[in-house]
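In what follows, subunit A forms one complex with subunit B and a second complex with subunit C.
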Partner chain A sequence: MPSPPPGVSESDFQRALRELEGVVGRDWLFSSDEDVLLYRDGYSPLWDEAAERKASAAVAPTSVEQVQEIVKIANRYGLPLYPISTGRNLTYGGAAPAYSGSVVVDLKRMNRILDVSARDKTCLVEPGVSYFDLYRHLRTNKIPLWIDTADPGWGGLIGNALDRGGGYTDIEFRDHFDAHCGMEVVLPTGEVVRTGMGASPQAKTSQLFKYGLGPWIDGIFSQSNFGIVTKMGFWLMEEPEAALQVSVTVPKRRDVVPLVDTLHSLMAAHTVPSQVNVVSPVMAGNNSEMLRLRGSGGVADEQWDRYAASQGGAPFWAAQFVFYGPRAVIAAQWQHTKDRLAGIAGVRFQETASYTFPLTDEQAEAVADKARYGIPSLNLFGSRTAPGAPPLEGHMDFSPMIPPHGEELIALTDFTGKVYADQGFVPSFVGGLMFHPRTMICFHAVPTFRNATDNARTRKLFETLVRGCAERGWPIYRIHPVFQKLGMEMFGFNDGALHRLHETLKDAIDPNGIVSPGRYDIWPRRLRGSNA
Partner chain B sequence: MKREHLLAIAAAGLVSSSAALAQEPPFPMAWSRTTAAAEDRGAPLERGAAVFNNWCSACHSRGPQNAPGTASLQMKYQGSVPAALEERRDLTPDLVKFFVRNGVAMMAPFRKTEVSDADLDALAAYLTER
Partner chain C sequence: MIDRRSFMQSSVACGAALATWSVHVSSRPAGAANLAASIVLVDRHLEGATEFAADARSQGLDTFDFTGDVAGLWMRELEPRLRAGPVTIAGRTSAATLFCLDFLARDYGARTVERVADGAVIWVISSTPGRRAPLAPVCTRTRSGDSHA
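Let's turn to the complex of A and B:
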C-alpha cells in the first residue's frame, strides 16, 4: 500500500480513504499500489528515484457535489489533493502530483459536454472532456464549429487552458486560457464560485462576456492551486468556407529577420490569422557538420550560408501558416502576403494544402496537419524515428519565450545549440512558433529516460537552459512540476515579490493548504520551504 | 474519424438543455463513459472494438501515415509482424493488458478512469479473438 501523505498518520489516512470511498463508491477510490502507479508521470525526469513525485491514492468523482465532499474531507485530515482533468499533460507532469503523497482528484469521469451553442459559438464543458470528445460531438451533430486543439488530442480543454496551453487556429481561439469565458470553481473551503457573468444567476451571457462585475478573478486559477475548476466555457470558431495552407521559404540565415518582422506585421493586421511556425530545415537532422556549427555557440552568417548551399538548395528558414475564410478573401490575403515578402531575395511561396468545408469523415482523416483545422490527433506521439534506433521514452518541453524578432531566434539558437552540445546531447529542432500575438515560443524537447543516470544529465541540461535563457531575457511560459520552483525563481523581481503575493493569496484562499501544494511553487504556510 | 466512433458516441447519451439551444433540435452528448453504448449492447467484441476506436486507434489504426503507433511498430518490426494491432494474430490478452496498464516508450499507461478493467477485458478479447 502507498504511504500516507507526509504529516498524516496512517490511521487518519485510512479513515480519510474510507470517507472518500463513501463519497465516490468502492470502484472509484484507488489505493492499491497497482492502481496508484497508474498516476505516475511516465516522462518524469526523476523516474524511479526517491524524489519522484508520486500519489498516495486517487479518487474519481462524477459531480461538483462529490468534489465539495472530497475537499471537506481533505480539510478535516490535512490531506493534500492534486486535481487533474484528463491527466494527459505529458511533458508537463502528466497525472502525477507536484507534492508526493497527494491524493489525486481524477476528474476524468466528469466528462459532460453541458452545452454547445451553434448560434453563439460557445461551449460549456467539464474537466474530463477531451479534445477528441468535443470534436466527435460536433461532428456527430453536424455543428459547424471548430475546436482549437492542443497537439495531443487526448488532453482536455480545461486542463490545457488552466496550464495556458495553445493551438493553431485563429488568434481568438488558440490561446486556450484567453479563449475561455466563465468558470465554476470549488474553492479549497468547499464553497462553489462562478466567475464572470455566470455569477449572476439569471445571466444569459455567461459564455459570452468574460468579465462580469468587479475584479476579473479567473487568471488566479491558471497555473496555480487556488481551487478545483469544475466547469469552463469556451469560445469556438465558426467553420470557415475554406482554408489555404502555405509555406514561405527564404534562403539565407539572416533572412529570418525580415521574414519574422513581416509576418508579425501581417498577423497584427489580421491578414495572417493562424499560428505561424518558423522553422529551419537547414538546421534539422543529424549531419555532423551542421551539429558542429550548432554546437559552436555562434558562427558568422556566411559560414552557415555556405553550409546551407552545400545541402542541395534547402532553404534556411520555412514559415508555415493558414488562411481561413471565403475563397475570395483568402486569395486577397495570400496575394498581399506575397507582395509584402517579395523584397526578400530568393523568397519562395508554396501552397501546401487547400480545403473546402465541411470535410467528409474520409477527408478529415486524410488531413495531414490536423490541428490547424481543429481536428485532434496523436500524430506527434511516434516513439521511433528510424529502424534500429532506440525508442524515445519521453521528454519535457523547455519553452522559452522571445520577442518576434529574427535576431532573437538566431541568438537563442546559438545559445541552446552550444548548451546541448557541451552536455553531450543532440540539439532540439529549431523553431520559433507564434502562438501568441506578440511573442514566439521556442520549444525544445529535452529527452527523459527510465534510468537515473541519463535523467541526471537531462535535469542538468534543463536547468542550464532555464537559467541561461532567463538571463538572456527569454524566460519560460510553462514548466514541468519538478522544475516549477526553478521556473518561479526566474520571475524573482524585487526579491520574489510575485511569489510572495502568490503565497499570500494561498493563505487566504486555502488556509489548510490542501489543494495542490507546490504547484507552480505555491506552498501553503504549513509546508512553506518544502522542496516536495 | 472512424464511423464506429460516431455510432458509439451518438448512442451514448441524451440532450443538453440551455437557453441557447432551446430552439434547436436536441443532440446526443458525449458525457457518458465512452464505451457505454457498446456495453449496453452486451457484445464483448463490439465493446472491445469501441474501446479500441476510442482509445487506441488515434495511434494504432491501420493507416501508418497518420498513426504514430503503427508507424513506430513498422520501424520496430520491419514487416516481420503486422504494424497495425488489429492485424496481429500473435497477441495474447495478458500482453494487451500489460501494455495498456504499463505503457511503453512514449505511450503512457491508461488509468482505470479512462479504460476500466471491464473495458480492458473487452479490448483484449477484441485484439485476440477476432
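Let's turn to the complex of A and C:
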C-alpha cells in the first residue's frame, strides 16, 4: 500500500480515498501497489532511487462533475493531484507525477469525441481521446478531415497540446497548442470556466474564434498547473486531393545554411506547407572517425567534407517534406522549390512518395511516413534496434530550440558533440526539425537506464546540455518533470520575474496548492522553500 | 525454452486449447479456460513469420499479420475486442511491438502473462474476468447540426 502524500496523515489519506471512491466508484479508485505501479515512469532517470517521482494513488473520473468533486475533496485534505490525459508521453515523464505522493487524476475515461464538423473543420474532445480514437472516428464515418498526430500516435490530443507538442502536417495544425480553439477547465477551486467564445453561452463560434473577448487566458493552462482541462476544441485539416513527399540533399557541411534559409523562406510563403526535417546522414551512426570529429567541439568544414567524401559520397544534409493539395498546385510548388534551391552546387532532388486521397485501409497501412499524412502509428518504437534485439532501456527528449539558421544547427551540433564525448556518451542523431514557423528544434534522445550509476551520468549529461545550450542562446521548449526546475532557471530574466509571476498566479488560482505542485517549477505557497 | 511449434500447440487461442496448456505457464490466470476465442498476431517483417501464421491458421485461430507497425491493427481489431470484454491475444513480434501492446492493453485490465524469445518475441496478453475493470468504457458520441459526432 503506497504511503500518503507528504504532509497528509495516514488517517486523512484513507478518509480522502474513501471519499474519492464515493465519487467515482470502487472500480475506479486505484490504491494498491499493483495499480499504482501502472503510473510509474518507465523511462525515469531516477529509477528505483529515493527521489523517483511516484503516485500514491490514482482516480479515474468520467465526467466534469466528478472532476469537480475530486478537486473539492483534494482541497479539504490538502491532497496533491496530478491530472493526466493518456499519460503516454514516455520521454517527458509519462504518467508519473511531478510531485511524489500525488494522486493521479487519470482522465482516460473522459474519452468522448463531443463534436466534429466537416463543414467548419473543427472538433471538440475530452482529455481521454487519443489520436487513435479520433483518426478511427474520422475514417469510420468517412469524414474528409485529417488529424495532426504526434509520433508515436498513442497519446491524447489534449495532453499533447497542453504540453505544447507538435506534429507533421500543415503549419496551421502542427503546433498543437496553436491549433486548439477554446477550452473548458475545472479550476483548483472546483469552479468550471470556458475560454474564448465558449464563455458566451449561445456563441456559434466556440471552436472557430480563439480569443473571445477580454484577456486571452488559454495560454496559462499550457505547461502549467492552474487547472484541469476537461474539453478542448481543435482545428482540423481538410483532406487534400493529393500529396507529394520529397527529399532534397546537399553535399557539403556548410550547404545547410542556404538550404535552411531557402526552405524557411518557402515555408513562410506557404509554398512548403509541411514540417521540414533537416538531418545529417553523414553525422549518423557509430563510425569512429565520425565520432572523433563530432567530439572535437568543432573542426573546419573541409575536414568534415573530406570525411563525407570518404563515406562513398553520402550527402551531408537531407531535408524531407511534403506538399499537399491539388496536383497542379503541388507541381508548381515543387518546381518553384527546386528553382529556389538550384543555386546550391550538387543539390539533388528526389520524389519519394506520392498519394491520392482518400486512401483505402490497405494503402494507409502501407504508407511509410504515416504522421505526415495524419495517420497515427507506433513505428517509432524499435526504430533504433533490430527487430529481434532486446529493447533499449528508455530515453528523455532534450529539445533545444534554435533560429532557423544552418550555422546555428552546425554550432549546436559541435557543442553538444563535445559534451557527449567528454561525458562518455555516443552523441544523439543530428537534425533540426521545423515544427514551428520561426524555429528549429534539435531533438536529442538522452538515454535512461535501470541502474543508479548510469542514471547519475545521464542526469549530469542532461544538465550540462540544458545549461550549455541556454548559455549559447538555445533554451529548451519542453522538458521532463525531473528537470523542470532546472529548465525554468534558464528563463530567469530580471532575477526570475517570470517565475514570480507564475507564483502570483498560482497563489490566486490555487490557494490550497492542490493541482500538480511543482509542475514547471510552479510551487504553491505551502510547498515553497525546500522545493522551490 | 519453448519453441514455436510447442507454443502454437499449447496456444491460448480458444477455450479447448487453454485446458491443455503446458505447466510452465504457471502464471496462467484463474478462469482462463473459459475465455472466448482469441487472436494471434504475426509480424511479417520477421523471419519465420509465414510458418508461424500458417501454424496458427491451421489450428483455426483468428490470425492477423502486419508489417512492423501494429497501430492499424490495434485500432481496427485489438482495441475494439479488448473494449468489448475479456480476450487473450498471442503474438510473434518484435520486443518493441510487445512493449506497445502491453502498455496499451493495461487500460483494459490486460497484462502480458507469457513472454519467450525465439529470434522474435512470442507472447500472450490476457485480460481475465475478475481483474479490475478496464479504464475505457465505450465512447459515446453526441450529434450537433451538420456535425458527425
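The rule we apply is simple: the second predicted complex is superposed on the first by the 522 of 532 C-alpha atoms of A that agree within 3 Å, B and C clash if a C-alpha of one lies under 4 Å from a C-alpha of the other, contacts with A are read in each partner's own complex, and residues count from 1 in each chain.
One rule holds for everything that comes next: a contact is a pair of C-beta atoms (placed from the backbone, for glycine too) under 8 Å apart; a residue touches a chain by one contact, two chains touch by 3 or more.
Treat the numbers as computed from the prediction; the structure is a model and nothing was measured.
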In the superposed model built on subunit A, check whether subunit B and subunit C fit or clash. clash
By residue count, is subunit A touched more by subunit B or by subunit C? B
So, does A:63 touch the first partner subunit B, the second partner subunit C, both, or neither? neither
A:154 contacts which: subunit B (first), subunit C (second), both, neither? both
Once the structures are superposed on A, label A:205 by its partner contacts, choosing first (subunit B), second (subunit C), both or neither. neither
Taking the superposition as given, does A:115 touch the first partner, subunit B, the second, subunit C, both, or neither? both
Does subunit B (first) or subunit C (second) touch A:95, or do both, or does neither? first
Touching partner for A:39 - first (subunit B), second (subunit C), both, neither: first
Which of the two partners, first being subunit B and second being subunit C, lies in contact with A:134: first, second, both, or neither? first
Output check: A:393 vs subunit B and subunit C. Expected answer is one of first, second, both, neither. What do you get? first
Looking at the overlay, what does A:379 touch: subunit B (first), subunit C (second), both, or neither? both
Shared contact residues on subunit A, subunit B side and subunit C side combined as an intersection? 28, 30, 35, 38, 60, 88, 106, 108-109, 111-119, 128-129, 132-133, 136-137, 141, 143, 153-154, 361, 364-365, 370, 376-379, 381-382, 385, 387, 389, 391
In their shared complex, subunit B is touched by residues of subunit A numbered 28, 30, 35, 38-40, 42-43, 58, 60, 87-88, 90, 94-95, 106, 108-109, 111-120, 122, 124, 128-129, 132-134, 136-137, 139-141, 143, 153-154, 204, 207, 361, 364-366, 368, 370, 376-387, 389, 391-394
For a test of understanding, state which residues of subunit B touch subunit A in their complex under the given definition. 1-3, 5-6, 9-10, 16, 18-21, 24, 27-31, 33-34, 54, 58-59, 63, 65-66, 68-69, 71-72, 75-76, 78, 101, 103-114
Going by the contact rule set out above, which residues of subunit A touch subunit C in the complex? 27-28, 30, 35, 38, 60, 62, 88, 106, 108-109, 111-119, 123, 128-129, 132-133, 135-137, 141, 143, 152-154, 361, 364-365, 370, 376-379, 381-382, 385, 387-391
Which positions of subunit C touch subunit A when the two form their complex? 43, 45-46, 66-72, 74-76, 79, 94-97, 99-100, 103-104, 106-107, 117, 119-121, 132-133, 135-137, 139-142, 144-149
